[in-house]
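A, B and C label the chains in the order they appear, each numbered from 1.
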Amino acid sequence: MEFETLIQSFANALVLGSIYAMVAVGLALAFGVMQMANFAHGELFMAGAYVVYVLYSLAGLPFFIAVIAAFPIVAMLGVLFERAIFRPTRGNVLAGFMATAGAGFIMQVLVGQQWGVGLMRSVPVPYKGSAEILGAAISWQRLAIIPATFIMVGGLWFFLKKIKAGKALRACAQDTEAAVLQGISINKMTMLAMFLSGGFAGVGGALMAPIIPVTPYMGHVYAVTAFIVVIVGGMASIEGAVLAAFILGFIHTFVSTLYDSVTATMVGVLFMAVVLIVKPTGLLGNVKV
Amino acid sequence: MLKSSPKFPIQFWLLIGAIVVFMCAAPQIVSAYRLELLTIFLINVILAQSYRLMTTTGDWTLCHYILMGVGAYATGILAKKFGVPFYMAMPLAAMITVGVSLLLAVPLSRTIGFAFFIASFALGEFVRHVWLKFHNPFGGARGINGIPKLEIGQSGDWYFIDFWDSTNFYFFTLIFTVLVLVLLYRIDSSRIGNSWKAIYADSELCESIGINVTRARIMVFCVAGFFAGIAGSLLAYLIGSIDPHNFEMVEMVYLIIWVVVGGVKTFWGPLIGVVSMSLVFELARPLEEWRPLLFGLILIVFLVYLPGGLETLIPRLKSFFSGFFAKKEVS
Amino acid sequence: MSFFSVKKLSKSFGGLQANHMIDLEVEEGEIRGVIGPNGAGKTTFFNVVSGFYAPSSGTVEFKGKVISGLHSSKIARLGVVRTFQRAALFPDFTVLENIVIARHLNADVSLLNAIFRHNNAAEAGNLERAKEIIDFLGLEHEQDNLAANLSHGHQRVLGVAMALATEPELLMLDEPVAGMNSGEKAVMVDHVKKIRDDWGITILLVEHDMKTVMNLCDKITVLDFGEKLAEGLPEEIIHNKKVIEAYLGADEIVA
């Protein structure tokens, strides 16, 4: 591999890993707190992209504002999922998971009917031009994702470690019964977890809106990858999700460059299968699912 | 075996009789296009009932639809590239599907419950990507076209049957469906079937009385795969071509919908699910692009409000109808 | 060749050593009890010896064959079967059906038979034997009851019945009288005696209830802090100073 391609791939891998991390972290959080597995996580990602489409492409608001707006909007969608689907199916992971598959259908149809389905909505690129790093060119639009992810994931880390509500979330994830005894409201925790889960997925989609085609089905691939990431990292482990996100981001990027993206996906799945066989709880996880 | 000979009430046999009559008369009553839909319906019944077999041990997978694809591709390749006649291609394809199931089952059996579910999803996607990647022999993204039609003998022979004719293929599929249902019913109500239900109830206890749970789960997966392969074979001959895009996750979700809506605790649950959801699917055609939304709602409603599926309503229906018959006798 | 022997058995979980260098030999036809104060490692010992855990070191041998580290279903096939302290049964099946299912090792479990049912003679035999076991353990009147509907005492008896259905040579009972009232305890003790006396099955049990153990066992092994503390006849154990000290008070042992 030429040096330039190497740098290019390295940068792309960082970007891809960042997006994977952004999307997977919410999944790990929701699963850790109350075994909420969201089949429609990709549709939340998609919703974030459409928020940017509507606010930025259609309404002309600044891109930055649209991305920030994606957080609360999609976060509320996450809360809706919790109330309507996860709460009544609490205790049955499979049921909640399949029910969210249904929710995914609903969202795809609604979005498709509202903004059209066949044509890809294209979002103009707000940060034009590219940076030149060691001879390789990477668009600013893509590069911006890396700091954005670090800020958000860092913020989440801070929230979980230092803020009362975040600590309550961790307590709930570690030992639900003990948390209840300490007066923590499970319902509030599940809503908070899905709020964050939705928010992160939404921002992920929002950031990717100028880069990939915006369609009602755009989230599917990212959801699949997010699940693979979370399994590899350990179903309830946020650090695991971040680590696995970058590992898989690198695997996918480099295999894509050397071969093609179909092979890259296959390698990623094989990697997951190997992890499952060798350490079924995931790289950093300790929850046997 | 204790659970193998339940007493079937007279209403059950009447219902069976009515169904048999309808199914045999269908080609006369129904257009060729609808007949093809009916044939696909039968294939879906085979698929759904084979899926149920796995759920008796508590194993729900997301790769079953893909296994049907494995059977379809195997049939297509055997028939087209190697000119194998159907009576060899079909059993071979089913055995190939068993082989693939075994390969998948080995890593899968290391997981349980939700991880099993997700891992099966990923492995199924892997298989689908294999089809997409390798032009030889799977045809890559274009798939396989021009699968030779099923026929017995040559045109001009007195025993010639051309299965390209919808009516002939319909009856061919109907025979298979009935056979498969009988086989699955026998297996389900046998000692082995009961041991699988026992595994679901208390797998630790099963181990202690000598049931090797891991081996049993792998076996169930392979047996279910066998029937999925048969379904795929039939599908390949029916359509004459295989498009990998027809095996995406959305189809698997529909399979889940049939099974959830029907229920899995009784043998007939998935059948009820396929019947009801196929009817809804056809009747909802005017909804066009809104149709998936309807099914999304159905899935959510059933999982949240009626998780046992429609089959849980049967006891209620039974008592309603027996009350009805009793009344008739009195008056 | 000894019937059943445990040699230098040790088991640790991470940093915690639950069993340390335990030796034990059971003769054929014996009823052996394993007791010890809380935290002595009895449960771990039982789980290792019945194949649910592999030992960290040491071996478990049955009739000259090493069974430690084997899969528990394999051990059952070799004739060593355990029961559970919890109510272990198949709730949606009747008592009779539960026991018939437990005849798995003596049945034709091939797919071919499932489809063609050509081996009905074997199944008829299993049904017979299941009924024999039900009569032997006094469960006739509960025969067609769903297992989930039984009283706790009867559920434990069903657990024993299912273990018997496998035709074991060595039966391991996990706290067989735990959670029972005195009536149920007496019944279980009778059953265990009969299992050895009438059917010649060797018994190894772990138990808390001192009265039961004194009453039932030919020989007793006492564990404390994961090690073997003492071993001998019930009268010897009851007067053993070290054993008395190990328990919180002499009152616990005196019958």
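Convention: a contact is a pair of C-beta atoms (placed from the backbone, for glycine too) under 8 Å apart; a residue touches a chain by one contact, two chains touch by 3 or more.
Here the structure is a predicted model, which means the values were calculated and not measured.
Per-pair tallies of C-beta contacts place A-B first.
Each chain gets a centre from its C-alpha atoms; the one nearest the centre of all protein C-alpha atoms is B.
Using mean Cα coordinates as chain centres, the one most removed from subunit B is C.
Taking each chain's centre as the average of its CA atoms, subunit A and subunit C sit 50 Å apart. Taking each chain's centre as the mean of its C-alpha atoms, subunit B lies 43 Å from subunit C.
The distance from the centre of subunit A to the centre of subunit B, each centre being the mean of the chain's C-alpha atoms, comes to 34 Å. Within subunit A, not a single residue touches two or more of the remaining chains. Residue ranges on subunit C touching subunit B, taken from their complex, read 50, 71-74, 76-77, 81-84, 88-94, 96-97, 100-102, 104-105, 107-111, 113-115, 117, 123, 127, 162-163, 165-166. Subunit B contributes residues 1-4, 183, 186-187, 190-195, 197-198, 201-202, 204-213, 219, 223 to its touches with subunit C in the complex.
Those residues of subunit A that touch subunit B in the shared complex are 35, 37, 84-85, 88-89, 92-99, 101-106, 108-110, 112-113, 117, 220, 224, 227-228, 231, 235, 260, 262-263, 265-266, 269-270, 272-273, 276-277, 280, 288-289. Note for the complex: subunit B touches subunit A at residues 60, 107, 110-115, 117-119, 121-123, 125-126, 129-130, 132-133, 249, 253, 256-257, 260, 289-290, 292-293, 295-300, 303-304, 307.
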